[in-house]
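Look for chain A in each of the two complexes below; its partner is chain B in the first and chain C in the second.
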Partner chain A sequence: MDDASGTLGKSKVSRLVNWIVSTRVWRSIIRHGNPDNDLDRMQAVFTNFFLHIMPARVHVHTLRPTATLGLGVIALFLFFILIITGVLLMFYYVPSVDRAYNDMKDLQFVVSYGVILRNMHRWAAHGMVAAVFIHMCRVFYTGSYKPPREFNWVLGVVLWVLTMFLSFTGYLLPWDQLAFWAITVGSSIAAYPPLMGDTIRFMLLGGQEVGQGALLRFYVLHVAILPIVISMVLAVHLWRVRKDGGLARPREGAGGAHPTSAVGSGDWDTGKTYGLMALARGVTPVVGTQAPEEEVTAWPHLTFRLLVVFVATLTAVTAVSLLFDAPLEEIANPTHPPNPSKAPWYFLGLQELVSYSALVGGVIVPGLAVLGIMLIPYIDYSPEAEGVWFTSDRGRKLAWKSSLAGAVSVPILIILNAQFGLRTLWANAPQIMVDIVNPATALLIGMAIFSSTVVRRTGSRRLGAIALFSSFLGALIVLTIIGTFFRGANWVFVLPWEQTGAGH
Partner chain B sequence: MNSDIQAENHALRKWHWAFAIVGVVAAVLFTLSYWMDYDREWRKYQRNYASELRAILSGKGVRELPNPGIVYVQTIVSPTRVDRCQMCHRGIDDPRFAKSPHISGKSRC
Partner chain C sequence: MSKDYGDYQLEEGGRGEAKEKESVSRRSLLSIGWIASLVSLIGPGLANIRYLFPNVLYETPTAFKLRKPAEYPPNSISFEEDRRLFVFNDRHGFRAMSAVCTHLRCTVGPFGPGKGATSRCPCHGSLFDKQGRVLSGPAPRSLDFFRLTESPDGRLQVDTQDIVSADMYFKV
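And then the complex of A and B:
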């Protein structure tokens, strides 16, 4: 709308534009002027259904790439990509054991854009599992779970578990050998809890084994129940980010009032710098007049970044999908198990532990891990250095050392187990003893002793949490690598280049 | 103006550049995915087949010669399986193609 050039064409265009934006129809949809001043920029955000999840103004710290690494929004955008590609795939896919595999072949050879759609859906799913996990790590290491964000952390853990489950249920749908046996192995883990394990597995599979019943259940979970549940929990998760006063950030200067620290002391100030209710009442709300120095308008500072991250995420998924095809093996054959049969990669750490003890690896470790991670903010609630990576230099060093310790202890324990394990010394040792003496239990006990020692020595629960989380992380990564690359037929140790036909 | 906010305004300009770059890469990739989707492996085989058949038939008074520009999905549905072998392996059981370099004993599905 620039009349300055004075050319006839341009002024006609700008008159047309002016006329359009002044019409009743336009004004009924877009309720703010051109966002070229702060007031209209803020109105652009809070009068838009899709944008109003953001605050009208954001703190500059929040915008720094190092603050969040953009991981939450990357996970969110991957979820969007999954929904769009997934709905398109639903037009072709029929969850029947007679048709599912052929539908995959059709997608690959006949359906327009079938290959790229399937690839995008597959790689975005793996990407989302990874992004959600790394997002959890970033929230942990920046101490962003501290009050008042405890409950949002819990919601996050729920989202993490749901995301893995969403990916796992999708894994079966191609009905090829990889799918069939990965789910057979994965769902057998569900049968390990004592007393009710078999019932859980039966409910999951709709039968005693992976068949038509399981395919239909996994399909319904995958395309309806889990996406809906995730969307709802996600809505609350993002809403809570707003209600908790935006993203966690370091205190401003020494002794500077921190917007969120007041909450822990029983005050209900959530650090919001203006009231949304006050905004809604007026026609031209007066936001920004009391804005702190360090804030900028979300439009365009945040919205533009989100746009770039979205296009970058979409581009990365497209690039990977053009380069690598999603695996599709032979049609599922219940009488021919591949050896080894492997669960999806994000469960291979668990499968490795299950190989020592089903009870410990399949029930106790995952149960304690999820519960323990959920409880972190209720154990470490000190307002110490939230929004600061690793809290302090000491924390950073501890994080590195503990993850290294966790990582190194895994191969050591595996070698010890191979040499002096209970079953090698006493072949008929009762199962209960194997469940007590094995690498998985040793890892658990080791981590518990290690982190409680850190708490006792330093007097800081935050450092104890860093020790525990980092050693868990190091061990998990190494266990997953071993399960993925170093396990061959009958789960014996092999070198990656000697692998024959392992899964993905 | 606060120095942090100045730095932020400066940073936003870098994001404009980032947008330009990812935008161009995205456009290239979308074009590429269109092309890769169009240019399926079987098209090439069908084109070769049609032009070979054309060469065999031309001059023999056949009224409609095959057009190498026309390719199609061929599906044979039997009660037990869906079979698209002939999308690539055209002329595999056609004696006129017995000597064709494109048909070797191995190309069965």
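And then the complex of A and C:
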């Protein structure tokens, strides 16, 4: 009986569905048929505004979790979560020094679900900073920045910097102690570049002191200017993925040979024809470079995976937000900074460098590091094993060794600086010397020498790039760990279990 | 006939002259026009940047009054909370020293008791002595000393834009 009624119910439902999809209205919105065949599956992606950023067909390699770890997509979904939660928070938050902090308290204790939305916004922001950075590491180690994807790597680095600016401008808004002293320190770093510095600071703050002008400016940056800019760069970034031939993946054929035009060469001659929507320019799904059987339709193979990643991301953010509240310090006190006064974890590596020299550690070294990372694909453009993790076994070993070298050299340099720092040997040393002779400069020079030595010894620019990027990565991680766990009140060295201050 | 011919001639000549005068071709005239219209965008662009620099600031004045000299105990260092500065009162007289770290503008910590007391910045650990000199840490220069005067109502007065040397004392 149950079975019979079930069948009856199902057939009624399917008849209703059939009727709906056959109506004139439905067919005016969804122009393709039921995606139960390849043509309609491709149409489903190709004719949909929201899906057409995806190719109609994707290579199976692109779908492998180990190829991408899904990091770019996770970062994108976190960005979506941030837009939605951020817009909702704007309904209650007023960017005024008199109200901002109270509005945060209201969100926490008065507004229904306000605390969850604020938590989600904060934790998704932390997640996005992490996901964007790890995504960059993935792209680097799989050699996915090689031609023709050089410029998309540059756009990716720009997106990383914009993400950091977005997160920085964001945690200034609650107008708590963290916010106030972060603006104070951040705008003072911006004042260090010669000639322009004080003008930049004045423009950022809208005055000489950190106050209402500064809060409003950082608010406008956070909710209008930076989101618009990052969305535009993001659009170009995703568009370039398509135009550059999809995600990077290992070349077909033995020995990395790269057939550019195999049509009619006998490699592939099945007599099939393909609509333009199945094709993309460049080295990827181009007809003839591989059998089309290695590609599957994006619907449902890619779309389903995206849905799974989205659900997983949203679940993770929600779970963390239910378990942990976003930090909120005491209300801003313009007289006394908290002690220790620490930035969120992703800026603590930078704070450690700034604690040696603001000009070198806060402006020159980060600037050169970002510039150097941007230039990687213009220095290493060898079409060597793209899409392969670490290029080779040798690359993998070098990556481990270099990141270890970078990691170990940081504490060594810091101890050397503490023992034989310029000021301890020469108390009245001119400031320019103090700026130049510090761990940040030594790290930068050490990395440059190390990686150029690797290039000379091995003759491989790819290995040189691996040495450079890995030592940078190792150093950054250790600097962050030191800043987080080994710096206490008055920024003096402490052991992690003797920490007293609040973390972020 | 001849007149007509002459007119024709004249016209011909006029055209010729015009052609010689018209050394600017259509193409370059248009490109000059386009470049000029683009150049004209620079002005409004700069105006928008200038717009971001306020002309009037509603900030705390840089010159302000402190307490009366007698309210500072002899041989003491007082911290003026709202003004972020130290007032030294020793046998030579009064001095006002900024408590704003020259590194990244955090407020430096209090001086301990004793002669060699130091002040440490909580943000990045710069260490200063009572002369404002940097003993260690990233601070690029000494803490500033400000000129002290006496206001007509007998209170100490400071102008934070008037920076003086560390050994300049104000005697009451």
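What we mean here is this: the second predicted complex is superposed on the first by the 452 of 504 C-alpha atoms of A that agree within 3 Å, B and C clash if a C-alpha of one lies under 4 Å from a C-alpha of the other, contacts with A are read in each partner's own complex, and residues count from 1 in each chain.
Here is the rule we go by: a contact is a pair of C-beta atoms (placed from the backbone, for glycine too) under 8 Å apart; a residue touches a chain by one contact, two chains touch by 3 or more.
In this text, all values refer to a predicted model and were calculated from it rather than measured experimentally.
On the superposed chain A, the positions of chain B and chain C stay apart, so the two partners fit side by side.
Figure note: vertex chain A, arms to chain B and chain C, all at CA centres after fitting on chain A; angle 90 degrees, rounded to a multiple of 10. Of the two partner chains placed by superposition, only chain B is touched by A:60; chain C is not. Of the two partner chains placed by the overlay, only chain B lies in contact with A:294; chain C stays clear of it.
In the superposition on chain A, A:102 makes contact with chain B only, while chain C stays out of contact range.
By the touch criterion defined above, A:305 reaches chain B but does not reach chain C.
The wider contact with chain A, measured as residues touched, comes from C rather than the other of chain B and chain C. Of the two partner chains, neither chain B nor chain C is touched by A:176. Of the two partner chains placed by the overlay, only chain B lies in contact with A:319; chain C stays clear of it. Of the two partner chains, chain B is the only one that A:116 touches; chain C does not reach it. After the two structures are overlaid on chain A, the closest C-alpha atoms of chain B and chain C sit 19 Å apart.
In the three-chain superposition model, chain A touches chain B and chain C at no common residue.
Interface of chain A with chain C (complex): residues 181, 184-185, 188-189, 202-203, 206-209, 211, 213, 335-341, 351, 354-359, 361, 421, 423-424, 427, 431, 434-435, 489-492.
Of all residues in chain A, those touching chain B in their complex are 60, 63, 102, 105, 109-110, 112-113, 115-116, 293-294, 296, 300-301, 304-305, 307-308, 311-312, 314-315, 318-319, 321-322.
Within the complex formed with chain A, the chain B residues making contact are 2, 4-5, 7-9, 11-12, 15-16, 18-19, 22-23, 25-26, 29-30, 32-33, 36-37, 40, 42, 73, 75, 82, 84, 87.
Here chain C touches chain A in the complex through residues 52-54, 57, 59-60, 81-82, 84, 103-107, 109, 120-125, 134-138, 140-141, going by the rule given at the top.
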